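In the two complexes that follow, chain A is the common piece, with chain B as its partner first and chain C second.
Let's look at the complex of A and B:
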């Protein structure tokens, strides 16, 4: 599994994991999980559309992910946020279905897009992935404090002069970028679990925001590494392992945190 | 109907002819009052009177508003550092990985973009603010896990850290037991004197505030009357404000505002005090 053709898998997998762990922290804290579920479906439709017209799939992934994020951002000013997200989700799923049936995509390619593929990023695409990944991390760092502030108490942030709407739109754009890079590796259906599992576990384990992000990133990288190795060994889609590990991490963290609380209660008694 | 003391020096905050009209309905109509440096002002009114709306006007967050709000004689801008705000309700998820001290620090730099190390002075200021509101003992616990009264203190520390000259508190006494009400009022009074910050605090009930209140801004029917308690809490002023006769009773150091009789004729609007406004 460390053969040279696997180098890209490890590299792109690690970049994706770093990104998903950091972006996912804010997804969880802002309660934007549903958007993180909808946007990958937009990315999927984009990839299918790119195959249809014979374009680079990465272009389709990025543009459609951004489009669904923008759609959610704009519509949620009119209707409730979850309704806006659901509308974007169904629109993108419908588009994806249309693109798929119109083009003659090879079935394993569809499977890879949905459930992930360890060789999902070819050497030709490694550079764009690295550049877009670095861009997303920089954007996240730049947004860091207003993002935490608007996540924790939007009303307080607004009173302090933060443009909460702008922060929200920029954040959705970062989610879209991160998603577009994650989908080819983990798959459209399970990108969501990488963005939710590790950060949800991290946030119940530690109380400090900076530390929680670091732990979320570490858990996410661990999840992806183990998933790549397991996928290689058992020849099952990588998304399967990412999903199972993400959910298990969260459950384990919950049990651990509860035990810690009951311990401290016993000590005090 | 507005009675105001005319001060020689410029007031800290001045609201002039503010009217808020939402969907054709005047929530507040031609509101005028001012607040001086270091004063403790009570903003009194019943549910739906427009207290929260008035705070949003002062903060520059309210849409559909005409008139002007001046701080130091200048029109307000958003992100005014000289005004601190403690909203009526802030919901914190108990799982949120934010400690009380993290929230207070955000009050100082949460609006800044870019990553930079927090200066040591900021950590010291956070500790100082937490101590000022007696929140030191739960500074390292998650905000979402704190009790309502504890969160209230942390929110006051959060508002104070930008060293405001005016602190707006929207019903900080709701959901507190009578003992805690006295405690928080004493604490706010102490903070306002030590840090020279003026306080505008909204409440349904003015009695707990009587010992510390310099002035009162009374809201009813979309109108406001302001001045010292003695100037405002009088049958003539409040009757004009409510649009029908009310009596003011003073018993055992408490003030009761009582509607003498239900108005005859058209059905009473929901703004009318049916019985006791306190």
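Let's look at the complex of A and C:
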């Protein structure tokens, strides 16, 4: 499984995992899971649209992911967040369905977009992944302070004059960027699993933001490595392993945390 | 009227079944959706479509009836979300997300195995996107019975559910068992969503569950009016969507029509924009006050 044709899979998978672990932490803390689910679906529609007009799918992925993020960020100022996200999501999916029916895309291409095809990542695909990944990490570093501020103490942030809406839209844009490059690797559906499972587990285990992000990234990388190895060994889709491992990590963390709490209670008694 | 209704519209059995099934699903989605939107459970409502899809794919794989798989998967997912903590507002987002993530992993596996083990193509799209034009008359009967069941059960818990949706504290003070009411509602939501996901696809399931109720709640001043308005908006969107999809076959020289989901969602969004404009022109208190 470490043969030369697997190099791209390991490299792109690791980049994607690093990114999803870091971005996902803020998704979990900010309660933005629904947006993190909607944006990859928007990206999927974009890829379908790009195929239709014969463009580079990555252009479609990035533009539609950003469009979804903007739609959610802007409309959720007026209505409740979850309704805004749901409406943006169905709008994007309906466009995607129209694009799919108008173009004649080969079924395996659709499956690869939905569920990922990490073993099929070419060297030409690797470069955009690396560049966009670095961009997202830079943006996240730049947004770090206001993000932590508005996530952990929204009232305090508002009192200090931090523009919460702007931070929200910028953050969703980062999610969109991260999504756009994750989709071709692990698929639209599993991008989400990777952004929720490992970060949620880390958050249950550790309270301090810096430490929790580090743990989240570590768990996410572990998830992807194990999934690549398992996918290669059993010849099953990588998305299955990412999805199930992510959820299992969270459940294990919950059980562990509860035991720790009950232990400390016993000690105190 | 021939400019509006393309040839064969009135005599087409498939169209008639689609309109009937669309009507039933739109009514149930709108009524269940009003509570979903009021309770802020849109994410769960959407996630359950994907969870139900995983169940449907699993059923397809082992040769069970897809409808049983969709509903079984949805109910199992609702139970799992409840166990993880969908009741508390703070943990709701995570609980839904974790269950959704796991369900998508399973869907990936089931669809992969189904595609590998059968020569039938298009299973993925059919299961994920569904089509109202592929509904048979026997499905219509099953869906009608299930819908009636969901509505009766919902009517039975409507009062405590509404109370606990608007104010948990007030409901607890009145002796409502908020947790149980919430769990029963989640299961009804799962059945409604699983049913609509298999008949009209996951996209439309969410669109009809959230869109018409959200529009109705923006303009209605009373709860009952909101429910009726949501039903009307949902049915109108569905029927117009089916009509446009049928007509679109004649719009392009290639005779490749556009999908129903595209048109229904377009109508739902237009309705929402109109409702927002009306709402801004005459801001309505009461129901919307607790909501927006």
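Here is the rule we use: the second predicted complex is superposed on the first by the 267 of 269 C-alpha atoms of A that agree within 3 Å, B and C clash if a C-alpha of one lies under 4 Å from a C-alpha of the other, contacts with A are read in each partner's own complex, and residues count from 1 in each chain.
Basically, a contact is a pair of C-beta atoms (placed from the backbone, for glycine too) under 8 Å apart; a residue touches a chain by one contact, two chains touch by 3 or more.
Here the structure is a predicted model, which is why all the values come from computation and not from measurement.
Q: Between chain C and chain B, which one touches more residues of chain A when both complexes sit on the common chain A?
A: C
Q: Thinking of the overlay built on chain A, is A:209 touched by chain B (first), by chain C (second), by both, or by neither?
A: first
Q: Identify the partner contact of A:20: answer first if only chain B is touched, second if only chain C is, both if each is, neither if none is.
A: In the superposition, A:20 touches no partner, neither chain B nor chain C.
Q: Looking at A:58 after the superposition, I want to know if it touches chain B, chain C, both of them or none. Which is it: first, second, both, neither?
A: Neither chain B nor chain C is touched by A:58.
Q: After the superposition on A, what does A:43 contact: first (chain B), second (chain C), both or neither?
A: neither
Q: Looking at A:137, would you say it contacts chain B, chain C, both, or neither? Reply first, second, both or neither.
A: neither
Q: Is A:72 in contact with chain B, with chain C, with both, or with neither (first, second, both, neither)?
A: neither
Q: Using the superposition on chain A as set up above, list the residues of chain A that contact both chain B and chain C.
A: Chain A residues touching both partners: 31.
Q: Give the list of chain A residues in touch with chain C in this complex.
A: Touching chain C from chain A are residues 28, 31-34, 36-37, 78-80, 82-83, 85-87, 89-91, 93-95, 97-98, 100-102, 107, 110-111, 114-115, 187, 189-190, 192-193, 196-197, 200, 236-237, 239-247, 250-251, 254.
Q: State the interface residues of chain C toward chain A in the complex, per the touch definition above.
A: Of all residues in chain C, those touching chain A are 37, 40-43, 45-47, 50, 84, 90, 93-94, 96-109, 111-112, 115, 121-122, 124-125, 128-129, 202-204, 206-207, 210-211, 214, 218, 256-259, 261-262, 264-266, 268-269, 272, 276, 291-292.
Q: Please name which positions on chain A make contact with chain B in the complex.
A: 29, 31, 141-146, 148-149, 152-153, 155-162, 202-204, 206-209, 211-212
Q: Given the complex with chain A, which residues does chain B contribute to the contact?
A: 59, 61, 78-80, 85, 87, 90, 92-93, 95-99, 102-103, 106-107, 109-115, 140-143, 155, 158, 162
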